[in-house]
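Common to both upcoming complexes is subunit A, partnered first by subunit B, then by subunit C.
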Partner chain A sequence: MNKPLRNPEIVWRVEKRRQAEVLKALETGEDVADTGTVILLLSGMMHQLNLIGGMIWEQCDGQKTLADIAGELAKEFSVEQAEVESDVAEFVADLAERGWLINE
Partner chain B sequence: MSEVTEMFSAPLTFNWTLSYRCNFTCDHCYSRDEECPELITDDLKRIVDILVEQQVPFINFGGGEPLICKDLYEIAEYASKSGLNVSMNSNGWLLDEAAAQRLKDVGFKSVGISIDSFEPSLHDGFRNMPGSFERAVHGLDALHKVGLKSTMSSVISRINYQAFRELLDLARDHGVGQVYLHNFKCSGRGFKNREDLDLTPEEWQAFYLEALAVKHQTKDLKISFDDPVIASLPEYQEKTMVKGSSCGKLSLHLQPNGDITPCGFIPVVVGNILNDDFESIWFDSPVLKAMRSKEATGKCSGCAAFDDCQGGCTARAFATTGDFNQPDPHCWK
Partner chain C sequence: MGLDLLDTPVRLTWDFPAIVSGDRATGQSGVSLPAIANSIIDGGVFFVTLQNDPLLHPAVGAVLNILAGGCQLIINCRGSSDELARLSQLPQAGCQLLLDTSGFIDVKQKLDSDKLKTTVQALRRLEYEPVISLMPLQDNLCNIPDLLRFCRAHQISKFKLPNAHIGDSVHTYSTDDLPRWQNLDSFRKSWLEFVKEPCKLPAMEIHDLFLWEIMTPGQQQNRSEYGGCQAGNSLGHIDGRGVVHPCAAWPQPLGKLPDQSLEDVWAGRERLAVREHVAQTPGGCLGCRDIDICFGGCRGLAFQLNRSEKERDLMCSGPR
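For the complex of A and B:
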């Protein structure tokens, strides 16, 4: 999967208030891995993505490559791109397997 | 903040009544006797803008009969171009192939047709409109022909509760993918006619047990119930996004003048979408807060199902007692 694209059947939104709260919690060093900030609605079911997952999801527009997405994420968290590349690839592969992302 | 607003910064769906006007006078209708001033087209578009800004993903037009509203197509097109997922419910009378095509062209994602019995004479009698069964079925066929997704809505009442399987077959025969077996609400004309139309609690229980068994065996059709009181049955295993009634939690209702109510069946105005700050309504309305954190009252106190059932349908409790916290009159416990 090189340029992942969100499955257009999925309705989603960023829960802005929660995202802001999670970002604040992150600053104080809290563990926010289990808090959803993006909701996905798919055939009457709701799924949630946490902050990092949600950020990756938002980038999956069918234009950006995995490297682009890793680059954006690295910039956001001020780390080296190489540090996040495998996480991005793993997350995208997982969502692709569920059919939530498709390859453009 | 309640659990709901911690989770959702806005509802997922707005049920939108553009007008209460209708070409039918159905015996059960909660809205047929309502009257309300209507907004001009520009104001309706402003509402769409607010919904987009608030990231509400779905709108569903009801009424009244949406197909007699002159603004329907223009507003639906404006909304779908703005990224909203648009659907509606109709009695099907005016839904010929040209109308179906137009609905598709303006971006409707799906259209629901109300059919309340598989027997034409029963449907026509219930809806006080000779020929309405045939036209509703033609409506489904028109949607199928133009390739617009259709659903079917049937309000369960004395005229159909023992023949819901036939309603499912009718849906299958006309290309419907999803059937809503709606629970009866004692509001409006439904309140006046409830003695003739509503089932007893024991009949509701028996109906749901049967309907759940059919649902579990059915693969080719999606069968949906929207009745929170069903959660008290051990046979009900579905995971829902919220417990209890979804109104005021996942959805809100818009009246023709822009007033917001928790749902179409609860005539309590919590604010106006054009005149009030939406976030203050969503996060701070005392009425919405009360609906989201109900207190077990009467037989609900101590009921093991309260956690899942939340006292059942808040609209029914309110319509019959004036109190959100009373047990749903349909409850069989």
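For the complex of A and C:
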């Protein structure tokens, strides 16, 4: 999947208050891996993505390549792009398998 | 990953203000429906169900224009000629139409299939594919198989049993009319007879867990992500005055639109108290093996109407 696109049948939104809380918690070194910041509704079921997953999800607009998304993420967290590329690819592949992302 | 404490609800039911005689032309209810609609859009709500004869309200066009810009819309309709006339004047906004069939059932609990068929045909001529809907009451549980036969005969693709409304002046039934666990045995028997008939059922949306359990046996896995009562979390209700409640079945003011934003209402102490209440296992459910499946069921009705049974769901006969 080169330019992942969010499945248009999924409605979603960023939970801004929770996202702000998670970013604050991150600064103090808390584990926020299990805290959702983006919610998705699919076939009547609600799902959540954590901060990193949500950030990747937001970038999946059908225009950006996996490398672009990894680059954005690396910039956000001040790390090398190579450090996040495989995580981004794995996450995107997982969501694609669920049908939540499609290839543009 | 926890699903609690969302910023705003995902689904809202909204009772339009009742139009009393003389208001029909002007819609003078003292409430700005477009302003409330804008608050809903600002709150990022996904689904809004308009209730209490919204099609008869003069402001419905303005409200639909606003909500169609950001929400998926569901409109309740009784199928009256006035509603059909209004629908024909409104742009087909891609909304879902819920046809409330309670008015097609007479006092002897007989379904007027001919009248219902005529109404469905009229809606289809307007290019609406109605969802057949019935709010379950003690007396009308027996009509559920008949309605599903109607769905089969007329290629209705979706059937809905929504949750109860209580604590308002809009709905004419009494809380005494709501189904209780004592009504389930006879319904179960009629259901088991019904499912012997060879028929393809429409997609069914069943709010009540205990009716769902009877009507969709063996489907437990499909509710595996059900996290319990969503009142005051992903679900909310707005009454005819713009007051926000946790759910239509849980009348408890949390704040008021458009004076407050939906985000502020959802961040308020009243709403958080509701979620803290929901997080507690009801006393009437202690020791039940199924508590991790139903999470206490409909907590609003139980809180309002079943405190003597330590807030056990009205449809639950006791811990299993």
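The rule we apply is simple: the second predicted complex is superposed on the first by the 104 of 104 C-alpha atoms of A that agree within 3 Å, B and C clash if a C-alpha of one lies under 4 Å from a C-alpha of the other, contacts with A are read in each partner's own complex, and residues count from 1 in each chain.
By our rule, a contact is a pair of C-beta atoms (placed from the backbone, for glycine too) under 8 Å apart; a residue touches a chain by one contact, two chains touch by 3 or more.
Because the structure is a prediction, the values reported are computed rather than measured.
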Simultaneous placement of subunit C and subunit B on subunit A, clash or fit: clash
Applying the touch criterion given at the start, work out whether A:D34 contacts subunit B, subunit C, both or neither, answering first, second, both or neither. second
Where does A:E15 make contact in the superposed view: on subunit B (first), on subunit C (second), on both, or on neither? both
Going by the contact rule set out at the top, does A:N50 touch subunit B (first), subunit C (second), both, or neither? second
Subunit B versus subunit C, judged by how many residues of subunit A each one touches: C
Go through subunit A and flag every residue that touches subunit B in one model and subunit C in the other. 11, 13, 15-18, 39, 41, 44-46
Which of the residues in subunit A end up touching subunit B in this complex? 11, 13-18, 39, 41, 44-46
Write out the stretch or stretches of subunit B touching subunit A in their complex. 6-9, 12, 55, 57-58, 85, 224, 239, 241
Using the touch definition up top, name the residues of subunit C that touch subunit A in the complex. 1-3, 5-7, 10, 44, 46, 72, 205, 225, 234, 263, 267
Which bits of subunit A are touching subunit C when the two form their complex? 11, 13, 15-18, 34-36, 39, 41, 44-48, 50
